[in-house]
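What follows are several structures.
Below are two complexes that have chain A in common, paired first with chain B and then with chain C.
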Partner chain A sequence: MSVFDGLKFRRVYSPIHNLDPRIKFVYVCAVFVVAIIFSEILPLIALFLMPIPFVLLAGVQKEWLRSLRGAAFLAGFIFIVNIASNFFTSGYVLTAGAVETSAAMTLRFVVLVESFSVFFLTTSPDHLGLALEQTRVPYEFAFAFTTAVRFVPVLAEEAQTIMDAQKARGLELEKGGFLKRIRNYVPVLIPLIVSAIRRSLELAEAMESRAWGATKKRTNLYALKLHRGDFALLAITIGVLVVAIYVRLYVPVPAISQFL
Partner chain B sequence: MAVIETKNLTYTYPGGTKPSINSVSIKVEKGEFVLITGPSGCGKTTLCRCFNGLIPHFYQGELKGEITVADMDTATHETHAMAKSVGLVFQNPENQLFALSIEKDVAFGLENLGMPREEMRERVDWALKLTDIYDLRERSPHEVSGGQQQRVAIAAVLAMQPEIIVLDEPTSFLDPLSAEKIFEVIHELNKKLGITVVLVEHRLDLTAKYADHIIIMDEGKVCFDGNPREILSTEETRLIGVGIPKATLLYHILQKEGVKLGDVTPLSSEELAKLLQEAFETK
Partner chain C sequence: MNQNQETRQFFSTKILAEIIVLVSLAGALSLISHSFFRLPQGGSINLGMIPIFWLALRRGWIIGIFAGAVFGVVDMTIEPFIVNPIQFIVDYPLAFAALGVAGLFRKYAVVGVALGGFGRFVCHFVSGIVYFSDYAPEGMSPLVYSTIYNGTYIIPSIIICAMIMGILQKSKTLNIYL
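Up next is the complex of A and B:
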């Protein structure tokens, strides 16, 4: 069940978890933009280091490192492809500059991954749903999102039960070649889908019974309010953007290979 | 004053060959604790769905006869309009909770009604305290036990402050101890708040003592309707397959053997114990 463990959400309190998801999202997008406009390694190293205080404050180091490890393979791939293409196009010589550019490209990818992972690691689905609602996304979509998150562990448990039941009747899931193994899962999938459909009917019934669609103007138990921390993050975001754009336009960024 | 009244109510599900409920005429008075029981497939759930307008609005099919619930005709009032007056609690607690925290779930109905936030907060806290799950309010429904989930479902319905609460076998997924707790909560709501309770249940051992009125159904029809002490004493009820409380059965066996224990039929072991004690003392 370890695959599903990551999707189970635990309520945690930290200054970062409590930040408004909308502001956090704007921050992530700003980092994204900055990472795109620079292809030199120095600013990208700065960007790479920026989320670290957030991660420490939120106390999600372990999960964060795991997501970085997940990205390592793709990062390595990007690095090799860059190096190789550089090597072949520049007449079979490997320059320090080429290594640096390749590293910068890789780092750009890592920066994108790490900042998004910080966002998703520190934002509860509940908060995310709320943010969707309050940014005027139709409530149906926000509801579908939170309900999906709510039922992930339920369906995971059910899948396990069905697998056990089918195994007890002699189904061998781990037998055969690749295609055969996929086919083995059909007797698990069909009951799972049927029961999910039945479940959705019951859910719809329960929703109707609790006045779903009674008014157009739905209210919400929680409200997202901007606190001091949110304004601070907003200030940081704007600061980063302004500095980045200024540097891009007026300051030549040196490459490390120039100093060697 | 009757809060639920049906006259010759007959309903066939789409594609059904015979009606699931057949000319049901019942009356539920305000503030009553009504127990509906009968063998599986006798139409109890179908009847519950009629009470808040799921039939005929959510389920198509053919509905005949008259039904008024809380002075509303369910044929012309949509389910969401009925929801303020009639709360329906379903069998499977898992499939009636959709939010990621318990308090958000309890607030769901009120959010749908568009209630202002401060009032909603008050009502949610009130409902959570009444059902004794206030401390769990920030947990996810997935993390708590089945009994607690079912209490969340009751709180969610309660928060809307309905006149009538209909519970469709709320304990069939629960162990006996959790079931007993649920029944106690329901009984309190009935006694303290005067909410009319319609409880569909098989476990008469635990519930018969709370009932003011019992309705026994079989094959879509109402067979018996009236005082639980009289109805549960008849041989016919036992033959339909109703689980008569063991205390009641024992009382009748003793009665047949010539043991005189007073005229009031007991519905629970406590009541029987009291009768026996009295009998010993007078000896």
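Up next is the complex of A and C:
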């Protein structure tokens, strides 16, 4: 199944993947703040280009392009709505300035979606779980999260197998009216849920045999520590914020339509 | 294993394991439904809510809400769509935690599912207003937009989930291996 291949556990090493997820999150929030305080197109283009070195360094170009495509629909929607409202309120004339503002709004949306998706593309669920744990999220929650993410491809494959098995027995999933089609999913769901519950009993035994919850204070083999790269990213974040606030306060940002 | 008084766990190991496996079943189902029934608007009819409702109706609302919140974070790593820190909290952990409210009506699965689904709709509705107002032009109400956008995919999902949960409750699968 090609759909689930993207989820299969794989350990990736790259300078970006190894960064501390907490620092990466702070960086993404800084990008968010900068994108919100500017509504001119030039700084937004700069913000749009900023994650590209990170993407190339982490080697996730393909996934990045796919998430860009996913955002394209809503981006187009925002562009059209902005253009249209500008067109109707300014007396049915389309100015270059209006097009530019609409493009800037769209670009702001794309920048935000992209910066968050780069965060998820370059952060393994394990790291995310560790970060949750070290930011004092209850351990049960962090553990449930990491383990559940690991189990998703396994259960997806099992669901696929059960669907195939029921089809081989003559269950027609794509036939009949609306009601019939929904009822058709029940023979798939019941075995799935039963086998999931059985699997949970096994998981509980495995957890107990490894002394789950026996000690109050847990320690980790891999603890998140700040390395040189993390401080570098932190410096970049602070630099971006300072420059952005300085430009916002003291430098008038030119619009492209003024040059035309 | 029952004498773990000093560690103060929220859940027993058995229940936690159940939560973990059913949350990943929810993730798997939502992955599968993403590839099967796509809607043109980008949302999808999602069967992923069924395991969460099932757990909430089986073990009560506290566990349902916990499982929903975990599923929210898992769903976020599967298909992140984040444009705003507030929207991120409301759209992922909170919206899915709202599904757990179904556990308040354990006798009437359909009522519980409707209530949980309504809770999720309210969360997505609020987040839609928050994030769309960043891009909305002057004079366009984000209320209408948010209602239409979220309604088109949540309402059919809720109807389907309610029907399936009704059937599952009647066939007494809720109480197996309790």
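Convention: the second predicted complex is superposed on the first by the 249 of 260 C-alpha atoms of A that agree within 3 Å, B and C clash if a C-alpha of one lies under 4 Å from a C-alpha of the other, contacts with A are read in each partner's own complex, and residues count from 1 in each chain.
Everything that follows uses one rule, which is that a residue touches a chain if its C-beta (ideal position, glycine included) is under 8 Å from a C-beta of that chain, and two chains touch if they have at least 3 such contacts.
Given the structure is predicted, the values throughout are model-derived calculations rather than measurements.
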| In the superposed arrangement, which partner chain does A:T147 touch: chain B (first), chain C (second), both, or neither? | both
| Which of the two partners, first being chain B and second being chain C, lies in contact with A:R199: first, second, both, or neither? | both
| said: Per the contact definition in the header, classify A:F120: touching chain B only (first), chain C only (second), both, or neither. | reply: second
| task | In the overlay, work out which of chain B or chain C sits against more residues of chain A. | result | C
| query | Regarding the shared-chain residue A:A159, is it in contact with chain B (first), chain C (second), both, or neither? | reply | second
| query | Does the superposition put A:A223 against chain B (first), chain C (second), both, or neither? | reply | first
| request: Using the superposition on chain A described above, determine whether A:F48 touches chain B (first), chain C (second), both, or neither. | output: neither
| Once the shared chain is lined up, is A:V81 touching chain B (first), chain C (second), both, or neither of them? | second
| First, second, both or neither for A:T215, with chain B first and chain C second | both
| query | What part of chain A is shared between its chain B contacts and its chain C contacts? | reply | 125, 143, 147, 149-150, 153-154, 199, 203-204, 207-208, 212-215
| request: Under the touch definition given earlier, write down the residues of chain C that touch chain A in their complex. | output: 1, 4, 6-7, 9-11, 13-14, 16-25, 27-29, 31-32, 35, 42, 47, 50-51, 54, 66, 69-71, 73-74, 76-78, 80-85, 88, 134-140, 160, 163-164, 167-168, 171, 173, 176-177
| task | Could you please specify the touching residues of chain A with respect to chain C in the complex? | result | 3-4, 7, 29, 32, 36, 67, 70, 73-74, 78, 81-82, 85-86, 89, 105-106, 108-109, 112-113, 116-117, 119-120, 125, 128, 132, 138, 140-141, 143-145, 147-156, 158-160, 179, 182-183, 185-186, 189-190, 192-194, 196-201, 203-204, 207-208, 212-216
| Footprint of chain A on chain B - complex, ascending | 49, 52, 54, 57-58, 79-81, 83-84, 87-88, 90, 92, 94-101, 103-104, 107-117, 120-121, 124, 138-142, 156-157, 160
| Contacting residues of chain A [partner chain B, same complex] | 8-9, 11, 124-126, 129, 143, 146-147, 149-150, 153-154, 199, 202-215, 217-223
